[in-house]
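Shared between the two complexes below is subunit A, which has subunit B as its partner in the first and subunit C in the second.
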Partner chain A sequence: MKPARATDGQELVHFGHLQFRARHLRAGLLLLGVAAALSLVSTMIGVTRIGGSDITALLRGGLVDDAGFALREVRLPRIAAGFMAGWCVALTGAMLQSLARNPLADPGLLGLSQGSMVMILLLILFAPAAPPMLLPFAAMTGALAVALALVLLVGRGGAGGLALLLMGIAVETMLSSVTQILILYSPPDMSYALSNWLAGSLSGADPAAVLALLPWFLFSLGMAVWLGRSLSTYDLGQDLAMSLGENVNRSRPLILVVSVLLSSAAVTAAGPLAFLGVMAPHLAGFLSPASGRPRLILSGLMGAVLVIAADMLTRSVSGELALPLGLSLTLVGVPLFVISLRLRALKTLSNR
Partner chain B sequence: MRLLFLLPPLLASHATLAETVTDAMGRGVEIPDDPSRIVVLHEPLLGVPLADFGVDPVGSYGRADDGSSLMAADFYASILGDDAPDPAPRGIGAVGDIDLERLRALSPDLIIGTELDADKADQLTAIAPVYLQASSSGKVRGFETEKQLAALLDRTDAFEDRRAEYQEKLDRLKPIIPPGQSYLAVIVHDKINLVGEMSGAIQAIEDLGYNRLPLKADGPDNALGSTFAVPISSEAFGRMNPDLLVILSSYAGASHDEAGTRAQLDRVMPGWERFLKPAREGRIVWMDSTKVATPSIASAEHALDAIEAWSAQASKN
Partner chain C sequence: MRFMALFVGLGLCLFLHLWLGSGMPPAAMAKTFLDFDPDDYGHYVILYQRLPRALIALHVGAVLACSGAVLQGLVRNPLAAPSTLGISGGAMVFVVAGAVLGLGTAAQGIAALAGGAAGAGAAMWVARLAGLGLDPRGMVLILAGALVTMLCMGVANALLLSDPALRTAYLGWISGDINHVYADRLTQFWWIGWLAIGVLMVLAKPLTLIMLGTEKAASAGVDVRRVSLLGLGASVIAASSATAICGPVGFVGLVVPHLVRPFTGPALWRLMPVSAVAGGLACLIADLIAREAFSPYSLHSGVVLDLAGGLVFALLIRRHYLGAQA
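So, the complex of A and B:
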């Protein structure tokens, strides 16, 4: 790690060939610290009483019975799955916002999440005996179909981010109607279960689900590094990106496909985490304005922090009140989002 | 050497403790010899049939830690009255969101779910054996769920006793019902739904000799229609003219009696009393779905009571 200075005087830090501004690194470490602190508190929320000694015993491999079950089978998998799902959705949101050059773009708004959901619902409704391992493939098929439709409908090269966003909204609206029809005409109990899942849930997060999500999380780390540079040129606009040598005909479908894979993996693990893809990049930008790789990584970390905090809220009231993860996420994230927007507006006013 | 003598009795005792059966999803499940702490993942479809032949679940969805119901209807109390499980089953988390720690705290020796719980089975097996009973996908009807559960838990005698009680009631009522008549049953939620074949009410109605009026939305070709309920349009409902129209209140509503169901129907389909022929001719039986909707003998008995009361009233008029 070699300290240096950028042309604007800001401190730079190098990791091999990668270069970050020190303030981005500090923001990243802060978010990691918050995620770790929330995770620690989250391990202590639940019916089974768990203290620091239980966690120490678990680390030594000596924890059994109720506390061992609660930590190994319930709480740690939920934290890990929440971290990875939140990371993937927020990262996808940041990618799509750069691609569309619109701060409203996210996997939900472009119809990718709806594509996944429709395919998952079709599989559950018409092949209830299908093995659960098919769900991620169904989710990816649905989202890929939406991405393909978007690429075809928007056309190659010439159309801008706004066209992509508007076409995405049209596709999303159509697919959400299909989702509603499927739920309406499914048997009442299944309809209730599906509605519950559509509101977001980490209740299915067990060690196997964490292992299934892990490869996608690792894949997203690689993609954040690889696609970061391309996305920083997209932030400047498509024409400027092309003049800087960015092959948009190749990189745009590639970014869409990566977004599809990551949002599908997250939807399969936790259901659609509505608005997270918009909220997390905004909050990360408020904490430390960035573009390219730092923006992707900070957005991913912010998404992970928000989902862990939301799951804490869900589990702290669980038992008598059904508080879906999506609702908790709204309760946790939206006030922060509103405050950050107000503070940003006040800052802009004071700078005039 | 002494181990060689000890091993056969040990193996034999293990063999009597558990039996492997195949559940509705084709999974091999090791069922304990006499499970005493059963948790059900669906109260009306599984819990009530179990309690009906005397096996009280220790936990189910939609209940608080003290056993009080968090749902619009307490099916155990409504259907079984004084015979409802005592103490009431404790909650295992909010509806649709199982709290694994709460579930484990109940120390279950068997978890029974429906085929719709297949996605949770592997996760729950870490706590207790999970048996998935065909209940929700239209493959069983009437009392079959209760009969299969009784066989699973070796309580067939108790089930047959309950069926004999039901048969006695049925034999008393059947002679006053004209033969060869048709029926249709609907349940009124925020829209009108045709009731399928898997409730105690339908078993009782068909045992009395009524035949289901054939409809396009119903039948073996429509898998969803053969389960509990499937939505129908108000227009289709308005044209219905079975000899007996059975209208069930919504179990999600606050009021389950005739007046409440009429009010609900007024909201969904204003003016229904004027153009619905069975309404004009007094051929409607009102039933409380919190009593008759489960696939249990007790629900079927409540349905017989409702038809008996309607028949007595009709003969007076």
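So, the complex of A and C:
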């Protein structure tokens, strides 16, 4: 490990062949630390009382009673699923934002999450006996169909930027009226369960769900490393990206397909996490401005931290009132979002 | 002459709305209004279910269409409307929050006005932070509005989950539902909408001048800033009061002004009244379809309007934003 300077004068850190900006490394470690601390606190929240001694006992493998069950079967899976779902949504948001060159791109806004939801709702309603293993595939079919429809509707000429997003809103509106029909006309208890899931929830997270999500998480790690470089050229604009040797015709559909897969994996695990895809990359950028790989990874970590914090809030108040994950995510994220925007505005003013 | 046709269409639809499926000959139906018989079930249905429903459709459609016509001009964006700028969403979530807190209907109306203003404010604020100034066609504003609406919908759904009884009562309302059970809301809130429309009609001339160009308007002696703010405020109030009645009925405000504009031109003093009639007609037709298409089941009119509106929205994007590249 030897200190060095990048061309812009920033400190670099080397690990073997890998090199990082020290700033990004520090931000990443900070986020990981926050995630770990939140997870630790989060394991201690709930009806079954769990203290520090129980956790050390679990680590030694000697915890069998209620506390062990609560940790192994409920709380740790919830945290793990929250981490991975938050990571995936935030990563998708960051990718789509680079692709559309717009800071407001979000899998929800493009209708990808709505597409997944409609397919999942249809499967739950019309084939309740279908194995849960099918759900991710239903979600992916829906999201892929939406992505395909978007590409067809926008056409070749205006594939970039705002037109894609606006068309996404149109598709999203139509699909959400389909979800409304399904919710309104299904039997009351079913309808309640459906909208519970639509509001976002990690209550279904058990070890099996975590295992189902894990491959997608690993896939997203690989993709973040692989696509990171392409995305950093997209941030410069399509023309410049092409002149830097980026094969836009190949990487653009690839990025879209990866976004579709990741967002539908996250939707299957935790329901649609509205606004997270916008908030997390923005907050990560506030913490440490970056592009390409570091931006993807920092955004993912920020998304994971936000979801773990939101789930903590959900569970800590669950006795008195039902606070679905979507709402607590809003309660946690929006104030941070607003504060960071304010601070950034102040910074630009003072720099002027 | 064309506008006569519009009125004839309106009358015809109103008649169909009241009469279709009632199983009465038209003459017997007319007796409902001339000689009401409280023991006659058919009379009861027409006077207490269909008539309120038709009136709500006419009122909400007219108010939303006027508000949309003004907003499209003021924001200079063909996709602007109460539903795309976060006004309907904000009003909706404030009403739901009010209902969860146990507010009465009148207080919910005030909450809706505050919510509509808050939603529009939030959308504009997000858009400005995301760089509205760099984008002359104001598309970022529409994105910000969609984000705010999405967030509002999520929060409203989450709030309703905490209270199953309220959820049953409001589930239809939050997706926009023209229904006779909201007749008491119509009787309480109708005047707010028409007051705001009245203000807009008075301001029609200066507003039209502003739409043609702020400098031109200023040189014609219009106080651009004050009139714009007043127009914006009045259209937000109009749209929020309509939302307070039967939930966020989407896309009348977006679509109708576009349908009307080719016939009237952009001048608001012609565009607004015709939009009002056409908007009422659109809602009446949507409600008729929702009621009769899958008879004996009836669909929610908000859902029908959203489906149709989404399609037209896609067409508008193709025409206004993809035309140059295609």
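Simple rule for what comes next: the second predicted complex is superposed on the first by the 338 of 352 C-alpha atoms of A that agree within 3 Å, B and C clash if a C-alpha of one lies under 4 Å from a C-alpha of the other, contacts with A are read in each partner's own complex, and residues count from 1 in each chain.
Keep in mind that, in the parts below, a contact is a pair of C-beta atoms (placed from the backbone, for glycine too) under 8 Å apart; a residue touches a chain by one contact, two chains touch by 3 or more.
A quick note: this is a predicted structure, and the numbers were derived from the prediction, not measured.
On the shared subunit subunit A, the superposed partners subunit B and subunit C overlap sterically. A simple residue count on subunit A separates subunit B from subunit C, and the partner touching more is C.
By the touch criterion defined above, A:L184 lies against subunit B and subunit C together after alignment on the C-alpha atoms of chain A. Using the contact criterion defined above for the overlaid structures, shared-chain residue A:M312 touches neither subunit B nor subunit C, since it reaches no partner. Once the two complexes are laid over each other on the shared chain, residue contacts for A:L91 go to neither subunit B nor subunit C.
Look at A:L112: by the touch rule set out above, it reaches neither subunit B nor subunit C. Residue contacts after overlaying the shared chain place A:E73 against subunit B, while subunit C stays out of touching range. When both complexes are overlaid on chain A, the residue A:G46 reaches subunit B alone and has no touch with subunit C. By the touch criterion stated above, A:N102 is placed in contact with subunit C alone, subunit B being left untouched. Looking at the shared chain after the overlay, A:V146 reaches neither subunit B nor subunit C. Of the two partner chains placed around the shared chain by superposition, neither subunit B nor subunit C is touched by A:L283.
Subunit C runs into subunit B after superposition on chain A, and of the options 220-228, 274-282 or 292-300 the stretch responsible is 274-282. Shared interface residues of subunit A, touching subunit B in one complex and subunit C in the other, are 184-185, 188, 192, 196, 321-324.
Only residues 25, 42, 45, 64-65, 70, 91, 93-102, 104-105, 114-116, 118-120, 122-123, 126-127, 136-137, 224, 227-231 of subunit B touch subunit A when the two sit together in their complex.
Contact residues of subunit C toward subunit A in the complex are 79, 84, 126, 129-131, 135, 139-140, 142-144, 146-147, 150-151, 153-155, 157-162, 164, 167-168, 171-172, 175, 250-251, 297, 299-300, 302-303, 306-307, 309-311, 313-314, 317-318, 321-322, 325-326. On subunit A, the positions that touch subunit B within their shared complex are 46-48, 66, 69-70, 73-74, 128-129, 132, 184-190, 192-193, 196, 201, 203-204, 206, 208, 318-324. Those residues of subunit A that touch subunit C in the complex are listed here as 102-104, 106, 108-109, 153-155, 157-158, 162-163, 165-167, 169-174, 176-178, 180-181, 183-185, 188, 191-192, 195-196, 198-200, 272, 274-275, 278, 321-324, 326-327, 330, 334, 341, 345.
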